[in-house]
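Here is the structure we will look at.
Letters A, B, C and D mark the chains as written, and numbering starts fresh at 1 in each.
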């Protein structure tokens, strides 16, 4: 099976999930509007973090499928489970924002949000691992060393998010900082670590 | 009429419907957040089942349109009615989750959910049956035996979901198990039963 | 400007609008679930009518753009206004369903819904009229007679919906029947009236 | 990195955001339906303004990517931040509509809405400025003069919206008129100012 429609469908889910994030932010109904809009800062923060997270995963998904040239049913299934957790992010984001708004149970909310991201990271790894064990799915132009190097970089995702999840019970703000840090990390220094992709 | 835009439009509806499922899960507002998140398990379960169901129908729709090379108005109409019930799934999913959450009327909720899936299965069959009676819509590379074999496999869908629907009145949990079982069945052993698709 | 991305964007709006219709149907929270689900029939009816309406407009939009080969800013603007009213349909549908559910002000709700559809029909006509006055936007293979014949058929839309709107004050059920009738009419006998589209 | 999938993903976010705008309009539940629908005029107005704004930004984004032929990570990041604020518009629109409905804090709501648009305009400028400093991302057929002319036109966006934002504290209705005026301006006289785009 060709990957074109799989990529198009995944892109659709990414685009809808990233845009649904805004539904979590509710118009303030009581008191002065100015104060109400300012008090929504946890919603803005959670919205911005999740937007960049989904954007970064989309970019990585995109780059991954520049190497993957064929999809079988197992890969399709792994991709569906990955999307299941990505489409779940608007809910995890709403939980995070609400807890910081109510100033109650921020640790649990940050851990819940962090574990969702860790599971997403795991499925990215499962997909790549599956492909590296089935190299007929990959482009001929990629070398085994490149496959390994990419795999190592992907492994940092779930590890980082697991650390963020555990940190929540120490301080939920540390988790937030790690979420932001990982966003920056995954978007920033990629060019140096990664082999140049080649057209299929 | 070419099928490319029909497929793209259908993919859009699939992608939006699958991502809207998450809106059914509401942030818990009373009591401890940890307990509240755990109590939402019926929502997570219903979400996961429906996500995989829509994913599996999407894959099957995709495979079906590797054989269908032209669409006429009747097929377009059947496809629209199929999408009507697929886009209805977020509601049926919310009904299922709510009933298991309230522990009231689970049988009716499971039967309602199961009949929605059975109707979806029926329309998949109507579409394929229509194509097999109008072979000019199909690829030249498919043999009548393959058309029949695929038709037989599709017939299992509505039958399985009808059984799940009726089982709900015996025990709603049996329905749930059948929903999960059919998800596994429709995603798993397909490769052996089906003829290899050929490029259009 | 090429029409490919315009069509893709329009398809996206059609796909999201048609799938958002389901959000109008709310899970019943009080009383027995079976009765609650049955009492939602106005929501199901409004959902089904609007789903088929949007599906039919999508098909017509699609067919129209088999003849339109170029887009200028005016056409883009008309298309944006058409989409504005199509994306408004989930609200008009919710108004219709709610009024029939409450059994209050059904006439106003049906007239509101009907005028939304009439305005949509008007913009379809504006777009075609604009193209027929700027034939450089159209495919070379279409004859002026065909352009006129299509224009005449499009004119039936706003007229039919205007009749449905006015009928609402006589009886809202007559409006509903006209909505259903127009759905059937616009999907059914098209093949005989229309010239065969030719590839661009 | 090729811009095709970036454009497709952006189009998806545009299409979902523009269609989510309608969720801000709530069915009136108390009193006569006719009066209730009329009282919703601030929602209709805000909906129409935002719909045309997003449509206009989509068109401009589209035109911009007729000149941009390659994307690097910085451009991808800027585009993601642009989309972040576009996907935020359904919320800003709801805030605007609610304030005009309640007749309270209209100035703050109009300023909030205006600053969101100003930030969107800024990111459009950042993207174009980044491309003009990295001309290898641009088509070879565009001259430095054209790049500058386009940059100047883009600069009008954030300036116009900044004026609208500040005017809100003088009179929120002046802001509304500027929003409408800028919509007309950005859609209307473009053809004369801009160099003809050439196919990539």
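In the analysis below, contacts are C-beta pairs under 8 Å (C-beta built on N, C-alpha and C of every residue); 3 or more make two chains touch, one makes a residue touch a chain.
In this text the structure is predicted, and so the values were computed from the model without any measurement.
At the interface between subunit A and subunit D, two copies of one sequence, fewer than half of the residue numbers in use appear on both sides, so the contact is built from largely different positions.
The copies subunit A and subunit B differ by a rotation of 90 degrees on their C-alpha atoms, rounded to the nearest 5. Averaging C-alpha coordinates per chain and comparing to subunit A, the farthest chain turns out to be C. The distance from the centre of subunit C to the centre of subunit D, each centre being the mean of the chain's C-alpha atoms, comes to 26 Å. Note on chain placement: the centre of subunit B and the centre of subunit D lie 37 Å apart, centres being C-alpha means.
Touching two or more other chains at once are residues 8, 12, 15-16, 20, 23 of subunit C. By the touch criterion given at the top, residues 7-8, 11-12, 14-16, 18-23, 25, 27, 29, 32-34, 37, 47-48, 51-52, 55, 58-59, 62, 187-188, 190-191, 197 of subunit A touch subunit D in their complex. Those residues of subunit A lying in contact with subunit B across their complex are 1, 5, 8-9, 12-13, 15-17, 20, 23, 73, 76-77, 80, 83-84, 87-88, 90-91, 94-95, 98-99, 104-105, 108-109, 112.
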